[in-house]
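Shared between the two complexes below is chain A, which pairs with chain B and chain C, respectively.
Right, the complex of A and B next:
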C-alpha cells in the first residue's frame, strides 16, 4: 500500500459520502414500507386505502430500492473507500462529486413525483410499450448522468494516484472501485440510449411508435451489469474489509483483482439471459450469451474460495483444529462481520438460483414467476443489502466522528438475524410458489377460483409473514443508523482496510493495463450484440404505440 | 552456494503455505449444492416440457 494511504476519510469527503447515505436510507424507509404493503395485499387480507394502486406501489418499491438506494449507497461507499486508500479528494474532484449528487437528486425527485402522481406506473424495468410521463424518463436520465459524475470522481482520483505513485500497484479497494465505475459507465450507455433515443421522444409524442425489442435489449444490456454493479461493492467489503475486521490478511491480491477483471469482461455481454423467452432474437445468440453468463460463475467461485481461505487461515493461526474447526474462531459477536456474513450465506442459494434462471430452456420453468422475485431478494436484497448494512455500522460513525457502541452492535446483530429469518420465509415461499407457477409482479387474485391459483395462496401468506419480519428489521436498521449518525458517543471508529498476506504472490502489472481489459470488454460486447441488433432493425416488427394500463 | 540459498528460500515458502483443506471442502460443498438445486429444477423441466 502507498504512503498516501490515510487512516481516516477527510471530513469534507465524509460530508459528501453522508449526503449520499441520507438519500439511500430515506429510500430504504419508503421502499420498505411499500414492500410491506405489497406482501400484505398479496396475502389477500388487506386492501390498499386512498386509491393507491398496487402497481404504483410496486413501481415505487422497485425504483427507490433497486435503483435509488443502491446507486446512492454505492456512490457514497466508493468515494469513501477511494478517499481512505488513495488520498483525500481535491476540491475540484469534490465539486464534481457534489454536482453529481445534486443532479442525481433532482432526477430522483422528478421520477418519484411522477410515480406518486400515478403518471409512471411502469415498474422499475419501465418496459415499453408501457408508457410513463416524459418527466419520469427525464428524471431517470438525470440519475444516470449524475452517477457518471460520481464515477468520474473515482476515475480522476485513481489517475492522480497513479501519476503520483509511478509504477506502484494501486490500493486494492481503489482498483475495485475503478472496475465497478468503468463497468457502470459502459453499461449505462445502453439504458441512456433507450431512454434518450426511444422512450423520451415517444413519450413526448415526437414519434408515435417504439421498437419494443430494441428497447428491451438495450435495457438488459444495462440491466445485467446493473446487478453486478450492486454486487461488486459487496465483494469489495468481502475481499478487503472483512479480513481486517476478523483480524486476518487478504488471501491474495492478484486473485481479487483478477476476479474483478473477469466481472468487467463477462457482466455486460450477457443481457439475453433475461430475454430467453422473447421472440426476435436468434436462438444461437441466446446460447452464446448463456455461455458467457456461465463464465461469470468462475469469479464468484473464486471469491467463495478466497473468503473460505481467509477464514481458514485466520482460524488455523488461532490454533483451530480439524476440517472446519476454524469456523468457530470467527468473531461471532461482531456485527461488522456477522451481518455481511449472513449476506454471504444468502448468496449461495442466490447464486444457485441464478444459474437455473440463466440455463436457457430451463428458464421456461421459472420465467415471469415469483421465483425470480425470490431470487433477487436473496441476491440484491440480502447478500448485497446486508453487506451494505454491515458497512454502514462502522462507516457512518467513522464519518460522523462517533463510535459503534456494544449495545448498538448487539442490536445490529439482532437486525441481521431478523432479516435472515424474514427473508427465509419470504424468499423461500416465493421460490416455492414460483415453481408452482405463481406469477411475479401481479396483485392478489384468485383467478376465478382456479385450483392451481388456490395452491399459491398459503405461500403468499408466508410471504406476508416474512415481509412483516423484514419490515421490523428495517425499522431496527433505521434506528441504529439514526443513532450512529446523530446520537452515538463521540470517538474514533476504525475504517478497516485489510493487508495482503505475506504468502501472497506479487501482483502482475498486467492487471492494471486498462487498454487490454477495456479493449476485450468492448470486443466481447460487439461480438455478443452486433448481429442480433442488425437483425432487430433489419427484421423490425411494426412499432408499438404507448399503453397506460393503470 | 547461490543455488543452495535459493532452495532454502523455496523450502521456506513451501513451509509457509497454509493448509486450506477446509476452504477447499467448503467450496466443493457449495458446488454440490449448486448441482443438486440445478438438477432438481432440471427434473421439473423434463416433467413439464
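Right, the complex of A and C next:
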C-alpha cells in the first residue's frame, strides 16, 4: 500500500489543523469557566458579580462548547486524518481550508461579541420568538458556511484519492471523515434555512413575524445529526486509532464502514424525538421518528462489539486466560488509550439514557429536566470530549514536531481520572435531580418555597462539587496542551493508524457507492418530514413577533 | 459481508430487545392512549385574553365529558394565570394551556405533566389527581431573565 510513505501529516497541513485546535482550546477555557460559575450559582451559595446574567453565561457555555469547540476540533482532526491517510492537501485544497477557517472565525467572533454585549441571551438553541441581535445570526451563518468549506476539503481530497487509485477501497479513516462531512452538509441545510430564511430577515425587521413551529423543526432537523457529528470522530478514533495504540488490528473493515453508513442514514430523519412534548406535530409522526431513532442504536451496538472484540482478541494473543483476563493486558499506563477508554465507558450509561429520552411518552418524565443535561454531559462532554483529549495528546505533538513525554503522559492520565470523578458527581447528581423533576436551563430558585424544590438543592451542591473537579481537570488539560504545543522536547510523535486484521474479508464495493447511500438518506428524510412539515404550514397559527426578555 | 458468530448473536439479541421495547411503547401510546400532548388547535397569540376559554383562566366544572374539570392556564413572561388553584382529590382534569408571548415549558414536577407551550398553539393533557397535597407548576423552557421565578401552585384537596 502507498500508505507507508505518508506516515506524517505535512507541516503546511499541520498549521491549518493547529489553527483550528487553538480556537477549540480557547473555547474550552472560556466555556469551562462559564460552566464552573453556573454550577456555583445553582448551588445557591454564590451570586454572579458585575451584572453578569446567569442566562448570558449559559448561552456562552453552550455556544462556545457545543458549537465552537466541537466544530473546530472536528474540522481540524478530520483534515489531519485525511492528510495522513490520503495524502497531503493540494495548495488549492489547503487554501479552501484556510478560507473556511477564517470565515468560521469571523462568525465566531461576531456571535461571541453579541453574547458578551448581552444582545443574544437566547441560549445555543436560539428558539424564536426570543429574538437576538441580527449580528448574532449572521455570525452563526458564517460559522456554518465556513464549516462547509472545511468539509469540502475532505470531499475534494477523497475524490482525488479515488481518481488516482483507480477507485480502490479508500483508507478507512478517510471514508469515515467523508461520511461525517456528508452528514454535516445535509444536516446543516436545516439550520441554515431557519437562520437565513426566517430568523435573519425577522431580526432585521424585514418581516414582522415568524413561524415558531417551522423554525424549531428546522433547528432539530439539524440538532440531532449535530450530536452524531460530534460522536462519529470519536468513533473514528475508537475504530481506527485505538487498535493501533494497543498494538492490535482492526477487527473488520467492512463492518466499520457499514456502521458509518447506518449513521448517515438514520441520524437525520429523527429530529422529532427532541419535539415529543410539543404541539403542532401529529402523534403518529412523532412515533415514526422514534422508531427511526432506535435504528441508530444498531450501529452503536456494532461499534461496542467491534471495540471489545479488538480488546479481547489482543489480550488473548498476549496469553490472557479466563473470561476477563484480557482486561489486564490492556495498556493502562498509556494516556492515548486510557483517556478515550474512560470516554467509552461513559458512553454505556450515556447511550442507555439516550434511549430513555427518545422513548416517546417516557420522555414526559425527563423532558427539559436536568436529567437531559446530565445525559449529554456523559455523551458529548465525556465520551466525545475525552476521546478528543486523548487524540490531542498525540496529535498536537505530532503536528508541532514534539513528543508526549512520560511526565505529560502521566499528567494526562490524572486529567482523565479527575474528569471521570468530577463527571460522576456532576452528571450523577443531574440525573437524580432530573428524575425528581428539577428543570434544566434554570438559575437557582426556591420556587416560592415549594417542598419538592427543596429536595433538589443537595443535588445542586453535588453538581457544584463535580463541576469544580471538572474545572481542575480542564486546567490540567490546558496545561498539557500548552506544553505539547510549545515546550515539549522536539521529536517524532507517531500518528497511529490501525491496520486491518489479515482474517478480515475484502470490503464490498457497494459501501462506496454514494449515489445509493445519499439517495436513501434523502428518501428517508422526505418520508419522515414531508407530511408533518406541510401540515405545519397548512395549520399555521398567526406568526410571532420578536421578544427580548433578558 | 461476513459477521463473526458472536457478533450475530449480539446483534440479534440487541435488535430483538429494540423491537420488544418499541412494541411496548407503541401499545402503550396507541392502544392505551398514553400519548404526550401532540397535535392541537391554534390560537392568535396576540388575542389570548379575549379568546375562550383563556379569557377566564382557572378551574371549571364540566358535565357530560370524560373529565370532571377543565383547568385553563395562560402563560406569559414570567407568570402563570392562575397563580394558585384548588382541585378536589380524585378528579379527572383536562389541562388546557397556551402562551401569550415566547415558548414556555409547563411542568408539574413529580407527575407526568410536561408539555411545551408555543405561541399560537393550544395544548391539552388529561390527568387524574389522586394524591393530596401541594403541587408546583414551573416553567422548564428558558423564557427570559425571570424564567426560574415563573411558578403556579395546584392544591389537591379532599372534598
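By definition in this document, the second predicted complex is superposed on the first by the 545 of 550 C-alpha atoms of A that agree within 3 Å, B and C clash if a C-alpha of one lies under 4 Å from a C-alpha of the other, contacts with A are read in each partner's own complex, and residues count from 1 in each chain.
Basically, a contact is a pair of C-beta atoms (placed from the backbone, for glycine too) under 8 Å apart; a residue touches a chain by one contact, two chains touch by 3 or more.
Computed from a predicted structure; not experimentally measured.
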item	value
Touching partner for A:365 - first (chain B), second (chain C), both, neither	both
Partner chain(s) touched by A:97 [first = chain B, second = chain C, both, neither]	neither
Contacts of A:123 with chain B and chain C, given as first, second, both or neither	second
Larger contact residue set on chain A - chain B or chain C	C
Which of chain B and chain C A:32 touches, first, second, both or neither	neither
Partner chain(s) touched by A:294 [first = chain B, second = chain C, both, neither]	second
Touching partner for A:323 - first (chain B), second (chain C), both, neither	first
Which superposed partner A:146 touches (first chain B, second chain C, both, neither)	neither
First (chain B), second (chain C), both or neither touched by A:223	neither
Partner chain(s) touched by A:356 [first = chain B, second = chain C, both, neither]	first
Interface residues of chain A shared between complexes with chain B and chain C	301, 305, 309, 355, 359, 361-362, 364-365
Residues of chain B touching chain A in the complex	13, 16-27, 30-31, 33-34, 37-38, 41-42, 44-45, 48-49
Residues of chain A that touch chain B when the two form their complex	301, 304-305, 308-309, 311-313, 315-316, 323-327, 348-349, 351-353, 355-356, 359, 361-362, 364-366, 435, 502-503
Residue ranges of chain A touching chain C (in the complex, touch as defined)	53, 55, 58, 121, 123, 127, 129-130, 212-213, 216, 252, 254-255, 258, 275-283, 286-287, 290-291, 294, 297-298, 301-302, 305-306, 309, 355, 359-365, 367-369, 436-445, 447-448, 450-453, 505, 508, 539-544, 547, 549-550
Residues of chain C defined as touching chain A within the complex	1-4, 6-7, 10-11, 14-15, 18, 21-22, 25-26, 28-30, 34-40, 42-46, 77-78, 101-103, 105, 107, 109-110, 112-116, 118-123, 134-136, 138-149, 151, 153
